[in-house]
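Quick one: the structure is below, and I'll ask about it shortly.
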Amino acid sequence: MTDIAAILTRIERAMAQETERGRVADYIPELGTVDPARFGIAAAMADGRVISAGDATLPFSIQSVSKVFALSLALGRLGDACWARVGREPSGDPFNSIVQLEADDGIPRNPLINAGAIVVSDILLAGRTPESAVTAILDFVRRAAEDEGIGIDTAVATSESDTGFRNRALAHFMRAAGNLDHDPEETLAVYFRQCAIAMSCEQLARAGRIFAFAGHTGPGSDALITPARARRINALMLTCGHYDGSGEFAFEVGLPGKSGVGGGILAIAPGKASVAVWSPGLNAVGNSRLGTMALEMLARETGWSVFGGV
Amino acid sequence: MTDIAAILTRIERAMAQETERGRVADYIPELGTVDPARFGIAAAMADGRVISAGDATLPFSIQSVSKVFALSLALGRLGDACWARVGREPSGDPFNSIVQLEADDGIPRNPLINAGAIVVSDILLAGRTPESAVTAILDFVRRAAEDEGIGIDTAVATSESDTGFRNRALAHFMRAAGNLDHDPEETLAVYFRQCAIAMSCEQLARAGRIFAFAGHTGPGSDALITPARARRINALMLTCGHYDGSGEFAFEVGLPGKSGVGGGILAIAPGKASVAVWSPGLNAVGNSRLGTMALEMLARETGWSVFGGV
Amino acid sequence: MTDIAAILTRIERAMAQETERGRVADYIPELGTVDPARFGIAAAMADGRVISAGDATLPFSIQSVSKVFALSLALGRLGDACWARVGREPSGDPFNSIVQLEADDGIPRNPLINAGAIVVSDILLAGRTPESAVTAILDFVRRAAEDEGIGIDTAVATSESDTGFRNRALAHFMRAAGNLDHDPEETLAVYFRQCAIAMSCEQLARAGRIFAFAGHTGPGSDALITPARARRINALMLTCGHYDGSGEFAFEVGLPGKSGVGGGILAIAPGKASVAVWSPGLNAVGNSRLGTMALEMLARETGWSVFGGV
Amino acid sequence: MTDIAAILTRIERAMAQETERGRVADYIPELGTVDPARFGIAAAMADGRVISAGDATLPFSIQSVSKVFALSLALGRLGDACWARVGREPSGDPFNSIVQLEADDGIPRNPLINAGAIVVSDILLAGRTPESAVTAILDFVRRAAEDEGIGIDTAVATSESDTGFRNRALAHFMRAAGNLDHDPEETLAVYFRQCAIAMSCEQLARAGRIFAFAGHTGPGSDALITPARARRINALMLTCGHYDGSGEFAFEVGLPGKSGVGGGILAIAPGKASVAVWSPGLNAVGNSRLGTMALEMLARETGWSVFGGV
């Protein structure tokens, strides 16, 4: 049997040796204050254990990783009708590109780029105030992680709202195209706060179990999402989870995953584990540099790639 | 144990009921003559068995499915140096788009779109005549399928060359950008003939075993490619194998796959099976309509999706 | 000597016969209420006469025609420093395209498309409130037309602001790129109200004299802009004044001109006349259908094309 | 009366002082051998005089300036039916862009970019051999210039054909889209040789008289093209004649013009003069650096801008 604890420890030590740690995102000013030396990793296993190494209990801003939870909730709410408003294809463009929206009449390519996630926020806002929509997302994440202590970093949310002109451009563009049902500022109020959810690696790994274990948080638990939906969200993570680094991540790591500019990545080994890694410095395409390296090492040592074992 | 023979038979019967079978590609005139009523499916299993149903021994033009074999050979020849000339990201564009080439200075987004496959042909042409490059590809496919009877449909190759203006545009564009080393007509002579390889579902399923079984054609056989390379080509098939229907295929089927406009699809269930399906009618994004439906049914009944079982 | 009065009368009569009058813009709801049967034309001549036919004293919403006056004022204020923030090339795209902005890092292609005009509004807002910036534009137009009665249609301005999501997308995008100095809502408050200036053909023809007569409103008057600037704004009108119908207008009419979705067009015959025409129905590229036809007829009958006489 | 001879001499002297002369095009190797110190200018006046300064009798490769003559001939042959195959709008893209072709289904934006001129070559090839099509263009240029000594630089034509991969990409793309009627290599045989026509400034200025003087080569001569066609080609030159520097040229010079990568520019002052200038060094957008400066100086000193006098 693979000794995950030993592997995670080896990974943590290897990453501590790395001097080139990437660049901490600073376009959201509040994110720029995070210590680039941090590194944490945690794996939630099929048997219920959560194994970790490094700064795995320190909360960080999950940012775009939140998109997979919001999407799960929206699919539960609206079902396949969601797909009339957002596509399922990789975009071939950076995370905040607006070009594609103009070519496709305001329909974002997939729900894991910013434009698509803003549509998901808009779906979750139907019949609710922004506050209650945010509460619904937060509750879902708490239930998935089985941890009521998860909250929102309001300083990050405010910083994000203050500087989120590009996301406002996306939202207003989609509103003009008829693909937002609410005032863009209300929709963005949901989106900015959802992105500011703060979680530790251990919490995030636990929350990700619903994707690894067919909707369940553990053996015998109720399913939060259906098995088919878990599988499909994994497919989206594989093809679209890392913006225009998605192909590279599939190629090198071979696991469905979703990254955030806070430096976190959630990776799913279906049936085996939900893994969360965090290191704030980013690579050129906006994904955690050490986080990606750590997951490459993990996939190599465990043989968990969905594309074939050793 | 899953009874694959029963499943394939059920699939074949279900597909026979379908009246909307898609449109046979006719932009290569010779392809347009194929009978749209044909349907075949075959699975090459880990234990060496090849199970099939329908028109599974009838040869068809594998067209773009050939790209994964040519890529395997080019990687064996040039190694990771290939990636300086072609990327690994989904394109978000149709199979023969030229827009992306202009934006990226003549570097195709991935080796499974036409432009990328033409670069692969150019790599295989180094130090060879077009004839010997084609022979090398054909030999590789024959070894993978363990079948010396596989050949090239020269009528299709000629038809393709006569009408391949769009591919000539791609080739000349890349030559202008310095990303082809040979006369575009020589490179295309390789490409057009590689696409015209004719195989039956049984032959194609057998050839695909190298991707399903870590480079091996069966238990105890020598590896034709390394396990890491098999895994990575599977990753490319998953993210890029169906042009701008790649996300959809991952979402609905959940297996690495590569389609061709001849109506064939090769799908890989790593460690479990290599599956080939053929039905000439295509859907709106250029993939076999019934072939895609058959693979959805197969994935559902077998639980082979790489993104999690039932 | 050309009898302009007779020509304008003939034009007005010819246009009255037209049954296919184009489609009144309704994306700004308030504009959709205008009577499509209206047609007016007026020419302000070098000798000070203003000659007109049809509904030439009825005010209409000048919309994008206002861009040439705002630009004149901004160039007077900031001089050639304006060109660091907006280009001088035709866009090859529709009036409200955002694609080009992404390719060019938030620098609009020219000041006569929406994005460019929003930058001009932002320049005019420096050190002022939106109210005083709007007042400055209105004062400039009044001085050019020598008519204090010109005002803003506040119902149109409100309607435009209520529905201007696409323009908000442009503004937020440019703000994100660092090419707006003010809160996008403040900049747009200037832009939306400037577009809602209401003028009659006679007033607009009089205002346009500064472009026809090297900055002057008439013989012996002070210049409002320099001759070089008048010439250059004419050049911009010729190359960029009708969005992606600019080439067509140059080809068929041969005069610098600027159209608005309210159905007005200002056309300049340098040294000879400033001409304003109004008919609310638009053609496929968003320019007044009858207005364009009327100006083609005018150019033909007068030989005023800048590209050569009969 | 303006003393053109004195102005041209002043311009020639001013240009001789310039040390930054731009970069000679070398993507066609044969063009790269031209002496960058050359400068010539010539004006063909309404009264029949041809006035010149500098290297005005030395032949150079007119390259894309040939496009206006080929277009004149094609319009004479096919009339307005030409416009079904090529547009009349500025492109907003570099001279050899292929992106626009994909967006517009193989219809080039205008006849003065490469793709559009290749369509014009294809029109001229109808019912002819490439040789006789080239002869027809050359004859037309000779008649316009009233000079039988004008010929083709075959070394340039060969060099252009040997390296013209980008133009081949354009041609094959348009063939694939159904917008070329002939084998792309035959069409390009016309195009490459038309571009290699060699003329001196004096010859080119004389040939351009048909655009300046409503189709006539001089007082009392027969018209080679109709006045309306001359006017419209002038309009195309103004909006599209300098690729993505067209707006800038209109803004600074204010005359219809067509540039070539050989360093020549033909500029038209309707009713007044046809002017040719030549200096081999190019600016960043591919137009003659000193040629553009010389025409700015000419426009300033003569007041010939079509957009208004001093």
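So that you can tell them apart, the chains are marked A, B, C and D in the order they are listed, and the count of residues begins at 1 in each.
The rule is short, and it goes like this: contacts are C-beta pairs under 8 Å (C-beta built on N, C-alpha and C of every residue); 3 or more make two chains touch, one makes a residue touch a chain.
Values in this document were obtained by computation on a predicted structure and should not be read as measured data.
Chemist: Check every other chain and keep only those touching both chain A and chain B; list them.
Modeler: none
Chemist: Averaged over CA atoms, how far is the centre of chain B from the centre of chain C? Could you give it in whole Å?
Modeler: That pair's centroid distance is 55 Å.
Chemist: Centre to centre, by mean C-alpha position, how many angstrom separate chain C and chain D?
Modeler: 32
Chemist: Just curious, how far off is chain C from chain A if you go by their C-alpha centres, in Å?
Modeler: Going by mean C-alpha positions, chain A sits 47 Å from chain C.
Chemist: For chain A, what residues touch not just one other chain but two or more?
Modeler: none
Chemist: By the document's touch definition, which label belongs to this structure's chain graph: line, ring, star, complete, or other?
Modeler: ring
Chemist: Go through the chains and record each pair that touches.
Modeler: A-B, A-C, B-D, C-D
Chemist: Which residues of chain A touch chain C once you look at their complex with the stated criterion?
Modeler: 97-99, 101-103, 165-166, 168-173, 175-176, 184
Chemist: With touch defined as at the start, can you tell me which chain D residues reach chain C in the complex?
Modeler: Those in contact with chain C are residues 87-93, 100, 109-110, 211-212, 214, 227, 230-232, 234-236, 238-240, 244-248, 250-251, 254, 256, 270-271, 305-310.
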